[in-house]
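Okay, got some structures for you below.
Presented sequentially are two complexes of subunit A, the first with subunit B as partner and the second with subunit C.
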Partner chain A sequence: MLVHSRKGKLATWALFLVLFLPLFALPLLVILAASFSAHWSGAFPSGFTTGHYEAATRGESLTALTTSLVTAVSASLLALAVGSWAALAAASLKNGGKRVLDTLFMLPVAVPSVVVGLAVLVAFSKPPMILNGTRWIVILAHTILVTAFAYQSVSAAIVRLDPAYEQAAASLGARPSYVLWKVKLPLLLPSLNAAAGLCFALSMGELSATMMLYPPDWLPLPVQIYAATDRGSLFTGAAVAVVLMAATLLVLFGVSRVRTRASYR
Partner chain B sequence: MSSGIRFDRVSVAYGKNTVLDALDLTVEPGEVMALLGPSGSGKTTALRAVAGFVRPASGRVFIGERDVTGLPPHQRGIGMVVQQYALFPHMRVAENVAFGMKAQKVPKSEIPGRVAEALDMTGMASYARRFPRELSGGQQQRVAIARALAIRPGVLLLDEPLSALDAQLRSGMLGELARLHRELPDVSILYVTHDQVEALTLADRIAVMDKARLKDCGTPQELYRAPRTEFTASFVGNANLLPVRVGSGAVSFGATDLKVDTGDVAQGATATLCVRPHLVGLGDGPNALSGRVAEVQWRGATHRLYVDVAGERVKADLRELRTPPGIGDEVTLHFAPEDAVLLGAGVTDG
Partner chain C sequence: MASATLTVRAGKDKPPPKTPGWIWALPPVALLALFFLYPLALVVQQSVQPDTGGTSLQPYSDVFASEAFREALGTTVWLAVGATAGCLVLGFALALIIAFVPFPGGRAVARFIDVFLSFPSFLITLALLFIYGTKGMANGMWTDATGAAEGPFQFLTTPWGVLLAEITYFTPFVMRPLLAAFSQIDTAQLEVASSLGAKPGRIVRRVILPEALPALAAGGSLVLVMCLNEFGIVLFTGAKGVTTLPMLVYSKAILESDYPAACVVAVVNVAISVGLYGLYRVVSRRVGA
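Moving on, here comes the complex of A and B:
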């Protein structure tokens, strides 16, 4: 405990609430309020309605939700596979090689995602690989953007993994591939899981690169929200945003449940 | 399957830092060899060279007749137990023990029987369904041993297996290990430790290591009663080492003449006289040494006296004294001529 006195604790809590509420909680609460209101002319919204949700959970909004979920799940699974593979490979490299890989995988985070989007657009609009105009270009861009996070969290977990487990397994006669599947990956499972959750959440909310790439038949939810607010349907946009938030939190909650069970093992 | 271990001039270096220098050592089939030395002496490196986790810069390692120097660890047929046990936390005890057999594709029908056998041998049969985190340190240790034995290795490598246990458990496990070895007389054991008691209790032979080199090798009795180097004498049994000048049938230590067997050490040479603290007595006697008490430690059953004699600090372990001397008192110590070993100058740095 950093603060011991009762007064000090109260003051700290007060400071926390003053900082936390306006910055983190209130904007989200405002979205929630807006999604249920018919008018908003004064300081507070008025006229309770669930009508916006009827629009937000049907038709093109529902399609957009499915699109987002499919994109996010595919991108995070791909990113997890690629990122873990690279992290495992990097761990067995000498210092120099590992640094090169670390830097390479940091690039998509360091570069603004608009630039990544543009790069993907330019790279895959000409033969031999034309992905422009297909859903694959969106999934590809998301994968590139989130792989960095998968790589980093798995890398960090590998560093923490005691090499004694691997060595004990090898001394018992297990081939390296057997050690990987039966010992290393199960021990890394909690981190893989956390990485998957992070990738999923990032992909669900990705807008800037997606804006440059999405084809008409593959319109993710953030683009839908942007489009709705852009044409002035603020309340519908708010309802769709709440749906996006709820869907993401629901999946993250499920993922974290799996994680606690994995780390308990 | 019985197979020994042979080191043939094995050197290991990390960059320019030599951590094992031309080790020549043979562990006979069925023998328990302790590698004894302080940390950084190269003993663990030697064990890891047998396991295949370090690659020798030069020299060969043999297990039985087989040259394993270039083989990856999983093809070497060894059992290994390390200090922190490294039980797989996501597997139950029985799965841990079965791991090696599954990895080596032992027929499925055989595995449960052999798991039960290995757990029986280490007294862990009733814990088969537990996870490692539900076991105490001593129990985890037994499971780690069962896991290593279940693959029926010809060679068992033990790397400081008892150092994470408290003193009482440790002496119990020492007895267990001795019993296990009696039950498995064909298994050669390489036992790395920094604890001389473990080495003296368990080993058929002890290899004493220091600064990447083998200093001495022999049976515990040989090393204890007649150490060949100063390092062995002080590391095994914490002996007093007194600088002396050799005369005929006697040596002079400061102004005192001491009667000892000078063996083949040349007259007039300087040498080191090695006397075990528990063989030093208080009071006058043959080979008397007078000095001033520098420190008194009560250790329950014994008193340890540190006495400054002619510029050297002499240790004496005495059965508990009714009236121990105080610090600064003048006392006389003695030892029997046959209890001292003279180390010639030529062998002081093995």
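Moving on, here comes the complex of A and C:
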């Protein structure tokens, strides 16, 4: 459309590949290659091995994987519950009220995650609620951080919802609670799914707040990767990183399968 | 959850509105206040009223006077501005090619970008360690080719390494809104401009860029805020020479256990980020992006 000559097109595509491949594809490939190699002291990795995966799928790394999964699933479910409740409540408010709710619930995006971690640490290290040193403080911080994204995507979905459905249901005498349960939520289900996937992915990779408050017995995968690279075992770090990426992708894929089935309703 | 959401909706419908709509907004707002706003307020309180007692602005003057803080502030701002500029230029160029010089596999690239966004940022730094680290790929190629003892790529532990990682990680955040905006442009406009003799550069400047400005502004300010708040990339770089504000919060609080100072830095960081984020919301609402 923009470039018509064959030569011009080829040149543009070449430019695209030159920019795109080294910047975006290479990093992921390099991590994958490193996780399978025994040495990397020259231009290319050498010595194929699956040893790093043996290290990455047992002992503390396996614990870290389950820790991350439990944290991410609970944080996403909590965030989804609070976020969609807030989004549904905001949608029923007048302009001013909706704007206040929008601002409040989007605030955690703007506040640096490290500061969220610090704030939670300061607030919940003293009575009446002492969560410091327990796994709950990590789950709480993750929930705070991802609620904003759940709120945002559910809000956007509510705006796109065709009001004709709920009006038709209401005109046929359905009570508001019935309309919500039987009409609105099923229509929102695909977006709720997508929001859950987003929250899960964000929580799986959360490092900043976690570094501020993880207890010694609740180390999620990103902390484990940092610990490995910090003591110089880059290859183990790469293998654990591949495990993290694979787990995230698997869950995202599963969630997208659910979504396609739900959208037939 | 089930019964909770049920009741939310009940508040919305008009006939007999016994409970006003805002009542249903209270529970989530109360949770947010307890678990997010109250802790933030405590941070602000700690910054002026340390546990040792007394109210003073002493922590502020101490922190503002310290060399480390000024350096961190400067580094944070220039890194964020530089990375945002880089992301805008690169993201615009790449999105332009995907949208207007379509090639086989373009959709796969768009999907790849979505996947890329779901990975954590520190993976990029980890990969860069293998590519540009002292024993990495680039230096390995150089030493293999020239026989030199050391490669020329030693920038990874300097701010430039952080800049490269941030540009890599955040460019897709600019590309997504741009691709959405480009899909709204009527390609007939481009054909007309082209048939009237406009060169591609002119079409980009006079037709595409004005249409893309809102998306550029929105994506750019989002990336600016995210760069100001970025922690994982800087932590993984492991460079003592690169300290940003979030890094300073971490090292003051966790490594030095100096909570009042950490709270002061946190307040400054929040003020900058939230101010910019407010600007982003205003901009994106004004342009309707």
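Just so it is clear, the second predicted complex is superposed on the first by the 249 of 265 C-alpha atoms of A that agree within 3 Å, B and C clash if a C-alpha of one lies under 4 Å from a C-alpha of the other, contacts with A are read in each partner's own complex, and residues count from 1 in each chain.
In this text, contacts are C-beta pairs under 8 Å (C-beta built on N, C-alpha and C of every residue); 3 or more make two chains touch, one makes a residue touch a chain.
The structure presented is a predicted model; accordingly, all values stated were derived computationally and were not measured.
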{"item": "Touching partner for A:Lys182 - first (subunit B), second (subunit C), both, neither", "value": "first"}
{"item": "Subunit B versus subunit C, judged by how many residues of subunit A each one touches", "value": "C"}
{"item": "First, second, both or neither for A:Val115, with subunit B first and subunit C second", "value": "second"}
{"item": "Touched partner set for A:Ala89, first subunit B, second subunit C, both or neither", "value": "second"}
{"item": "Touched partner set for A:Ala170, first subunit B, second subunit C, both or neither", "value": "both"}
{"item": "Contacts of A:Leu65 with subunit B and subunit C, given as first, second, both or neither", "value": "neither"}
{"item": "First, second, both or neither for A:Asp162, with subunit B first and subunit C second", "value": "first"}
{"item": "Subunit A residues contacted in one complex by subunit B, in the other by subunit C", "value": "170, 175-176"}
{"item": "Parts of subunit A lying in touch with subunit C, wherever the complex brings them together", "value": "1-4, 8-9, 12-13, 15-16, 19-20, 23-28, 30-31, 34, 40-44, 81-86, 88-94, 97, 101, 103-116, 118-124, 140, 143-144, 147, 170, 175-177, 179-181, 184-185, 198, 201-202, 204-208, 211-212, 222, 225-226, 229-230, 234, 237-238, 241, 244-245, 248-249, 252"}
{"item": "Residues of subunit A defined as touching subunit B within the complex", "value": "162, 164-165, 167-176, 178, 182-183, 186-187, 189, 265"}
{"item": "Contact footprint of subunit A on subunit C as seen in their complex", "value": "1-2, 4-13, 21-22, 24-25, 27-29, 31-32, 35-40, 42-43, 46, 90, 93-94, 96-98, 100-103, 109, 112-113, 115-116, 118-124, 126-131, 135-137, 140-141, 143-144, 167-168, 171-172, 187, 190-191, 194, 200, 203-204, 225, 228-229, 231-232, 235-236, 238, 245-246, 249-250, 253-254, 259, 262-263, 266, 269-270, 273-274, 276-278, 281"}
{"item": "In the complex, subunit B residues that touch subunit A", "value": "51-53, 72-80, 82, 84, 86-90, 99-100, 103-104, 131, 147-148, 151, 157"}
